[in-house]
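There are two complexes below, and they share chain A, which is joined by chain B in the first and by chain C in the second.
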Partner chain A sequence: MQSANVNRATPYLFLAPAALVMAVALLYPIGYMIYASFLDWNPSQRIGEAEFVGLRNYINLLGDAAFRESFYVTLKFATVVVSLEMVLGVGLALLLDRNIRGMSVLRTLFILPMMIAPIVVGLMWRYMYHPSVGVFNRTLKSLGLDPIPWLSDGNWAFASVVIADIWQWTPFIFILSLAALQSLPQSAMEAARIDGATGWQQVIYIKLPLMMPVLIVTLLLRLIDAFKVLEVILVLTNGGPGLSTEILSLRISRTASEFRELGEAAAMSNYLLILLVILTFAMFAYNKATEARTARLRKAAEEDV
Partner chain B sequence: MVQVGDHVPKIIFDQVSKSYGSVEVLPPFDLTFDDGEFTVLVGPSGCGKSTTLRMLAGLETLTGGEIYFDDKPISKLDPKERDLAMVFQDYALYPHMNIAKNMSFALRLARVSKSEIEEKVQRVAKMLNIAHLLDRKPAELSGGQRQRVAMGRALVRDAGTFLFDEPLSNLDAKLRGKMRAELAEMRDTIDKNMVYVTHDQVEAMTLGDRIVVMSDGFIQQQGTPEELFKRPVNKFVAGFIGSPTMNFLDGELAQEGDAMWVRGDGYALPLDAEMGARLKSAAAKDVTLGLRPSSFTSEGTEGAPIELRVIVSEYLGAQSVLVTRCGAADVLVETQSAAPIRSGIVQTFGVLTGEIMIFDKSTGLRL
Partner chain C sequence: MADKSYDKQNPAYYALLVALVVMAVGPIAMMLMTSLKLNVDIMSDTSSLLFMPTLRNYETALCDFLWYEAPHIDYCDKTFGRALINSLTISLISTVLTLVIGCMAAYALVRFRFMGRDTVSLSTLAMRMVPPAVLLVPVFGIWTFQFQIDGTRAGIILVYVAMNLPFVIWILQSFIVQVPIQLEEAARMDGAGPFQVFFLVVLPLIKPGLAAAAIFTFRVAWNEFLLANALADRNSRTVPVTIVNSITEFDIDWGVIMATGMLLAIPPIIFTFVASRQIITGMTAGAVKG
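Presenting the complex of A and B:
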């Protein structure tokens, strides 16, 4: 009897250290943040001294035009970059999914940007966007064209950060799409050729539908990432000019460090967190749904031989 | 089944060859498929039969030579311009489309009218007994059903040429037999070019109007099933066609008076007059004797006598296959189970001398 109890407890015993680390490293900070979002808290105070204000931070934020602008910029940024990256990444994968000499080198080159630290990417692009010595404006000048206010005009600045993000993260979609493409059943593609499908028709009717499960997961992963982007924009524009590129994570960091409103920053983080949780759940739900569907199909096939 | 205006071309391979890099898998060869014929390409794996089929389909390029449909060269044409349909070994169904969509894909691409598509899919689905599966996805079907869908997808095309790449090899033995019979029935009702690749000689024998036996990239022999069984040109074809496989015994030719004999370890058999006359002038004295398991009689009263030690008797029902020993060599003998033979004894069997085959030992050619 005694040993049976011990046996049953064994797995939990082994899990305990990991659970402890999880609790300290994950749950505690999140709980702390959620708690802080209900406080009017200045960094000079200890958390115990801060005044409890309930949902006031959240309500204030909803009425705060700057926050709403920032939320809108974030949504716009995420939508634009992820859409463009999906189109470019999948397109590149479709183009490079062939066995010609040198292709493996080319593929490796394509994924290099992803491996560079975002801070470095930001610095690199900032020099390239530099109004007088940057490579873009120098090139324009040598062609006899007017220079472009890459980072000093609101619309151009938004375009500039979009370009830098696309440059860095298209490869991520590219490699996942390429992997998906290369694992597609070869004979189905051959059958399509015999059935008379042109290259485009193969892409539209066979390849893309078969890649869809991978593409959807890729899309969600990229979206989650795009909502949290910080460093590149911080280095490139620091949110400016005006609020044109002030994405949410940048505003959170400024609210905490410049405006010294820890409670409000925490509430903002929670809005972002809620958004990401919704996305993540969408991804889980999608996975669950596909798994359930596969299981149902398999069962149906086995019953009906 | 055949529609007015349908054209079934005669297919001609003219000095076609295939290399991958510096490896030549198919040296230049000629091959002709008569229009409306059911041709089976058969051979062990790696013999080049699938490559031949895929070159015909347009899925592989030719390294040399040309393929003609009647007198039109087609090797530069896309698969879709060759008017053919193909059944793949793994069925190659489109997993995201239901069965009706799978079957109608080619027709939809060709912008055939909805009503005509509907009519064709229904007709073929009924013929193949898959009409109740039309709105299912491939993953919801069993192996045999998927196989039928793959057939169906090819049949709705009404193409001039049908290609089959080992279509039955992913099925279990019982289902394979059933589908083989259905294919044989289909062969007689559809007047199209059919080119069928298999490694299974039983499939080849039962389905083919004509069989092309390939090995190591070379065409060994082509002909009707009966020709290949009765008059194989060499030892490879003789050993490949027929089940159980032919027995091969080392031997040498000898003349005694007017009669020719073949002798070896544990046996001496007279050749019949016709073959004896033919072999008298043969240069080679060292030969390989080929005896089909069905060329023995167990009574011993008929045919030339041969003494065999029975090792094992494999009971197969009406027939039994005896594993026997002649000298040091194993010899398979087919007998009627009604007259059982005990293992372990030495027994005299009769050999039907008219069915004896003699092969040149060094070249393997039948003499």
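Presenting the complex of A and C:
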């Protein structure tokens, strides 16, 4: 009798710690943030003392040119970075998908940039972009060209940040697409070869369509992460010059710590979160749709037999 | 892989490979080189690969761990040494906690099936999408005013465990599903209780999954800056926080800061070389299996 009770309680015992930690340190803060976004709250006040201002923070933000600018910079950054990385990553995977010695060493080297701390990535790029001792300007100078104001001119600063992100994250897409490529059915490729498809035709009509499900998921994962980038930009430019590289995450942290407007920062976080929720649901819906489609196709195929 | 036949490729292919490797590793190598240079060499107009490597910058950063007197240090700044110890404690403890808690939860979700896999993968995705910047305001407020654990290592550990749990639960699930249930049934026949089955039968079988999860958790905790910056006080600062603090100053001591950056980068680099297979598994599991 007692052991039956223990057995019935077991799953809850196993789950309880995880549920507790996530409830206390993840769900509660998020709920708290949603509540805080309706308050006029500065860091020296307890939350109970803060004044309830309804939607004022949200409306203020919509009218705030600096916020709109940083929203735009975030979207621009995410779009530019993710599209360039997709093209480069998938391209390299198609190019390097050969059976060669040392492929695993190569993959190991390629994941290094993603593993080290974003702070450190920012640090080494900042050094390389340095106006006088950085390697880029030194090379330009030794070639007799004019130095480039990598981090001190708005447009160049944006480009510099994009380059650093591409360096760090293209390998992610490369490795996922390589995994997708190597799990493609060999029979399809062989059939195409026998039918005389050229290399390009194989890529466009066979490989890419078959990789599509993985590519879409990769794209969305990368897109979500691109909205979370903060440390690299913080170290490289701290959002400047002007607002040229101030992405939303950075603006949230500055609004909270420098301008001491916790309510507004929370409202900003909510805008960012809404954007990401839409993306995530798109991804989940896409997953479900493809699963349903493959199930339907399989069923149809079985009925034909 | 058993087959040892490799395709022959043309030289352009290898040239491309070399170029890519140089691009991927170059910046890291440059950081290593700078960290071994004296400031005179860093600032000199003739940049070159030829210089006298020196460990001085590392000695400056780690001065309170030195067992000998380094002649060039007049004043020992203990900030970095303390931060290094904080980083190590926080990352290790949060990794162990996350693994233990996450493993139990994953096991319960798989074996007692009272929530669908869909619920779990949806919530994992949902948690993955929450940027640390979004947690910044509420975590700061709650930790300071309600739990009063701001500025403590425990407070930072708590956020890290919570942040990492969804991913760990999700990745371990996919490993636990593969453990044959017959093994567990056999153990139960022999009189093992549910906890014995879990710790003595299941855990040893999912070691690769545990390794992947451990690396990912450790890396997140070790590299994280934003929340640590908001929560830590002078005594609980982690390495990323001290690095950012020292570059906002006007005059950057590149040699020392590159040495600290290198020290921060070394553990992840070691993991990468030791366990790249597990890392790639962890990374691809997210997308390829959905």
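Structure notes:
Just so it is clear, the second predicted complex is superposed on the first by the 286 of 305 C-alpha atoms of A that agree within 3 Å, B and C clash if a C-alpha of one lies under 4 Å from a C-alpha of the other, contacts with A are read in each partner's own complex, and residues count from 1 in each chain.
Keep this in mind: contacts are C-beta pairs under 8 Å (C-beta built on N, C-alpha and C of every residue); 3 or more make two chains touch, one makes a residue touch a chain.
Here the structure is a predicted model, which means the values were calculated and not measured.
When both complexes are superposed on chain A, chain B and chain C end up sitting side by side without clashing.
Within the superposed three-chain model, A:210 lies in touch with chain B and out of touch with chain C [touch as defined at top].
In the superposition on chain A, contact is made by A:187 with chain B only, not with chain C.
Within the superposed three-chain model, A:65 lies out of touch with both chain B and chain C [touch as defined at top].
Looking at the superposition, the partner that touches the larger set of chain A residues, chain B or chain C, turns out to be C. In the superposed model, A:143 makes contact with neither chain B nor chain C.
By the touch criterion defined above, A:279 reaches chain C but does not reach chain B.
Taking Cα centres throughout, chain A sits at the apex of an angle toward chain B and chain C that amounts to 90 degrees, reported as a multiple of 10. Looking at the shared chain after the overlay, A:256 reaches chain C, while chain B stays out of its contact range. Taking the two complexes aligned on chain A, the least Cα distance separating chain B from chain C is 6 Å. Taken together, the two complexes place no residue of chain A in contact with both chain B and chain C. Those residues of chain B that touch chain A in the complex are listed here as 57-59, 78-80, 84-86, 88-96, 105-106, 109-110, 136-137, 139-142, 144, 153, 157. Put simply, chain C touches chain A in their complex at residues 5-7, 9, 13, 16-17, 20-21, 23-25, 27-28, 30-31, 34, 42-43, 47, 101-102, 104-105, 107-109, 111-112, 114, 122, 125-142, 144-145, 158-159, 161-163, 165-166, 169, 193-194, 198, 219, 222-223, 225-226, 230, 240, 243-244, 247-248, 254, 257-258, 261-262, 264-265, 268-269, 271-273, 276-277, 279-280, 283-284, 286-288, 290. The part of chain A that touches chain B in the complex is made up of residues 185, 187-188, 190-197, 201, 205-206, 209-210, 212, 294, 297-298, 300-301, 304-305.
Listed in rising order, the residues of chain A touching chain C in the complex are 6-7, 10-12, 14-15, 17-19, 21-22, 24-26, 28-30, 32-33, 36, 41, 43, 46-47, 92, 95-96, 98-101, 104, 106-113, 115-121, 123-128, 133, 135, 138, 167, 171-172, 175-176, 179-180, 183, 213-214, 217-218, 221, 224, 227-228, 230-231, 234-235, 238, 248-250, 252-253, 256-257, 262, 265-266, 269, 272-273, 276-277, 279-280, 283-284, 287, 291.
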